[in-house]
């Protein structure tokens, strides 16, 4: 209940501070006898890894995962999969002056208020480094889902004012993954990259939005009334660092719509003509693609001087140091996919339990 | 795990179909010895009750709650509070033709796919009538929170294109509650009411948005990393019927912002100059007002004829009958407050557990 | 988490004080489309009902269950099954003098210490009347289990010094159920009944033991390491009022055994020659009958005068009144079966979730 | 839900197979700012370590714990404490012939039935080696409990027919811990040790019983009705390898007692003259010492030849090899204490949540 576990039948528990010994986790519920593709896991880690391109933080972490249990002769045992990733680049010296200063819009202040103590070296438990553990688990979940014919594709569809307005289809994934910003348009990718470079030059950061489409989900997943499928997806996304909003299907756009235009009419194959529902009705998947968007705020660490306070509530001046992302969304794409994968696999198995 | 329970220490379980015998629930975790104001609970039920004004459904339900346990001589015993509300106006005849037709953008199709059986009389378990039980629980939670100095105010801030752009303060609550649409502006209330009447005349419905502000929450509530306070609030809101989106603080607006304008700078009293964070940083409350918005789609039941399919996937024509809301948000205001109250009280007690 | 819920996929939540308005509960997780035998449920309630024979309490409760949701046209909907049983015979006057006196070996003292308030009328939430709700849920679970070829038989195998030492087989159930003490021997039944009458004449009570055998459980149920099948069964049994011990298979007798005599040797059909394991090895069912025993202490309410203290810790004299059981085990037999049924069905569905 | 987690607010999740890379876990819920005594943790590990005396298995494991997170500058951060213990002495060759043979009364058969795959090297996940992780967590819990004035003492009170019948007091702990069998009598210790040596000479094993007394627990811990304190303690104990029974207070002895002799009469200081209740009434602690007993079966691995079957259900002959314990109870004493500590601390914090 202390907040470091997620899921029901598929359950991930994580541990680790950004500048501690290691981050890692325990993944429970993966069926026995499943052949794990270890390389594919590492590939997912590389998608979120620092230093993967010129527009992300240059913190140096090789992010090699070490499995400690649950896999035997390449296959899952059905027992908990324990794993860890050592923290290598612990340049704690960068953080020493922070010991007593609360960085604006970080979790320094709130952790101090909550716990009365904190690992001040780079965010500690509140650091996005924690998501390394999620990606390991999500990569395994995605392999099991692929086996069930379910694929999850996240991509950037907005950075600052630059928005992708095309029509998604899974073939665009190759394009989005070929760009450093992970947007499904080479032209827009160039503009977005230029914007990020410019923002970074100003010592500033910028927000962005990720869209995620899940195909192959059978109708019937989701538990009424409190554990609606999109409610759990929403929680999963809102648990990712820097996320400020979640919307499914028509989302906030539905506010200005009328029922007659919003209703998704059925066709005789049980599909719907439109997908304002985003693949979920009454909290239960309807067989259409699940389609949602996630809003990320601009990264709080900027390379400009900011006025703030220290632990004694005295005013202090803080100038940005360290190696940080000018825009978080390119690296957040695999994290969105990972959380979606954990939710979908969990609900798939919950549904199996009753049949 | 079957989806009808919510919360950890404060835990609500609900039961009931819209046209069954009764709806009701069990509320666990309310401290012993608390003097319950039963009238205040009934008042909250009246805020969501059908027939309360000319612009909501005219279904006739007195919605009188009957407590079965957990309260003794007016005070809580610390044991589960069992309660029920009988379903009175079960005009099931209205629904007979629906038996085999899936209403567009309702949960008829998905429930049938999930369970292979459904109570086709008016939505059954998927009906918003289930929220009666939530409001009973939330009304109790609000009383406990008031005792802790915490108040929760939800109000409508958008219906269709009509948006309230004022600055909220709790004194506006009297105004918003004095209007049938629950918006904190008498002028806008008139326009919104007119819009809803017009939409209803067309046999149509319209979406809306609710904003919720919570004041008095101490810093330190929220559990990293998966059970962030806003992640739980988001799940709670997304579990409400017709909700398509949730955003906190700057929300989707943060996508186009830069870090230098988005960061909330501290003042020497531990507050922040701006509140783009919406009162939560790193998943933990920071002592500022918690501030979020919830998007509601237009009600799916319209009084126009729609093409749809029946259980054999054959095309059928469906003309709207029954008594439904042209716009759901006025009655959803107490439901938003109720879910917020359950989350905040739960997290308040979780925090107490560790201190 | 407040203690009134049990189970994972099959989950029962109960409410109700013995002298409140009603007891009842919510049962979640029963598969949709299951045809419920309502009469069979009532029969189970009659097995635990007061006044069923001359040797049990004569409190008058008809114990008629009223279903409020989750069942439609005789079949389960897959939604929560809400139900209640009204408390009819609330002779609270019997209890008035108890208001300030703590009855020895009851929960009066501990409830007062825990909550600072209690419903002093007959035990309130701590009364065995709460088990009415369990029996309703267990009766449904047993029907689903029967459908899966699993049967659960509990019977009395000891009252005071009188012990049944025969070899169990399911055909003995008719005999045990034909006796008022529920022991599978007519001769022993007579002796036990005589003992109970004698004990009652003395104004005293006596302990007893129940054995439970579950047949038809497939190999593979149970979750290592903390949720071992017998650990969950143990918790389920220890949650029943007046239970002081639980043992499976060889139980406490294993303490004096050697490995060479205790080990259950396999036969070539995958069965074992002996069943010291009690049907569970390493926490997982092995396909042999599950076989355990539960110890019940003598009922604490005796018709003799006892010295005790009141809420001010002053010495007071207490003389037994009210209508109580001289021996609890005959009425506890269906409760043991009910808790076993809830555990086995829950674990059966958990196992299905992973396959 | 997959069985490898225990507790609510204090929650332990473990991972690891006996012959895999490592065993370890995540402990959540320990309050922030608590100064951890790392040496004391290692001391607890040494109490359960193989090779600690001549009468236990000689498997060589140094069992050094490595903490990965949650502790900063010697103090807890309030974040999850991740830890691992490497498996050093993986003499897997000892187990090769077992690959296809099911060892009698082990979990080989049930794991194979459940998962269709197993790590056949020495028990894998079903091995008691998993309890290393529990002891690390329990050692921390015990430190927090000591800070609250609560102490937990387990000791051996029976091995085979040799039974300790003295009156316990905490001062006897030094004696019990000074003996290799952990019994509070030097004379009996000698006899028990002799018995174990004799049994081992025969290539056999023997059962035993552990008693546990917890002092300083305040009245009021325990959650009615399903999460009674002794029900959770019972589950905790029954989750330990080789345990076949659990009894509290009078336990199975209560079956032959009358209410008039069993009832614990109050004294005017709120204590009771006798403690047949074992410190818990109605599932809630009453302030008296909590007192229970746990039955351990004889270790299944014997050094004699046994007939069994292999994975094809063909008869095979199995002769014991490897290094195993002739009697498990001496090493199980710290495990009983550890599980008791996890339960008591969890329930202490649950109680705090509501006040």
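Each chain gets a letter, A, B, C and D, in the order it is written, and its residues are counted from 1.
We take it that contacts are C-beta pairs under 8 Å (C-beta built on N, C-alpha and C of every residue); 3 or more make two chains touch, one makes a residue touch a chain.
Owing to the predicted nature of the structure, the values given are computational and were not obtained by experimental measurement.
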Chain at maximum distance from chain B, centres defined as averaged CA atoms: D
Chain pair showing more contacts of the two, A-D and A-C: A-D
Where chain A and chain C are represented by their mean Cα positions, the distance between them in whole Å: 46
Whole-Å separation of chain centres (CA-atom averages), chain A against chain B: 27
Centre-of-Cα separation between chain D and chain A, whole angstrom: 39
Residues within chain B bordering two or more other chains: 1-5, 8-9, 14, 29, 32, 78-79, 114, 125, 224, 350, 354
Touching residues on chain D, where the partner in the complex is chain B: 1, 9, 29, 31-32, 78-79, 224, 349-350, 352-355
Touching residues on chain B, where the partner in the complex is chain C: 1-5, 8-9, 11, 13-17, 20-26, 28-29, 32-33, 66-70, 72, 75-82, 84, 114-119, 124-125
Complex contacts: residues of chain C adjacent to chain D: 1-6, 8, 14, 102, 104-107, 109-111, 113-114, 125-126, 130, 158-161, 199, 202, 204-209, 219-228, 230-232, 234-236, 238-239, 241, 244-252, 254-260, 262-270, 272, 276-278, 280-287, 295-302, 304, 306-309, 313-315, 350-351, 354
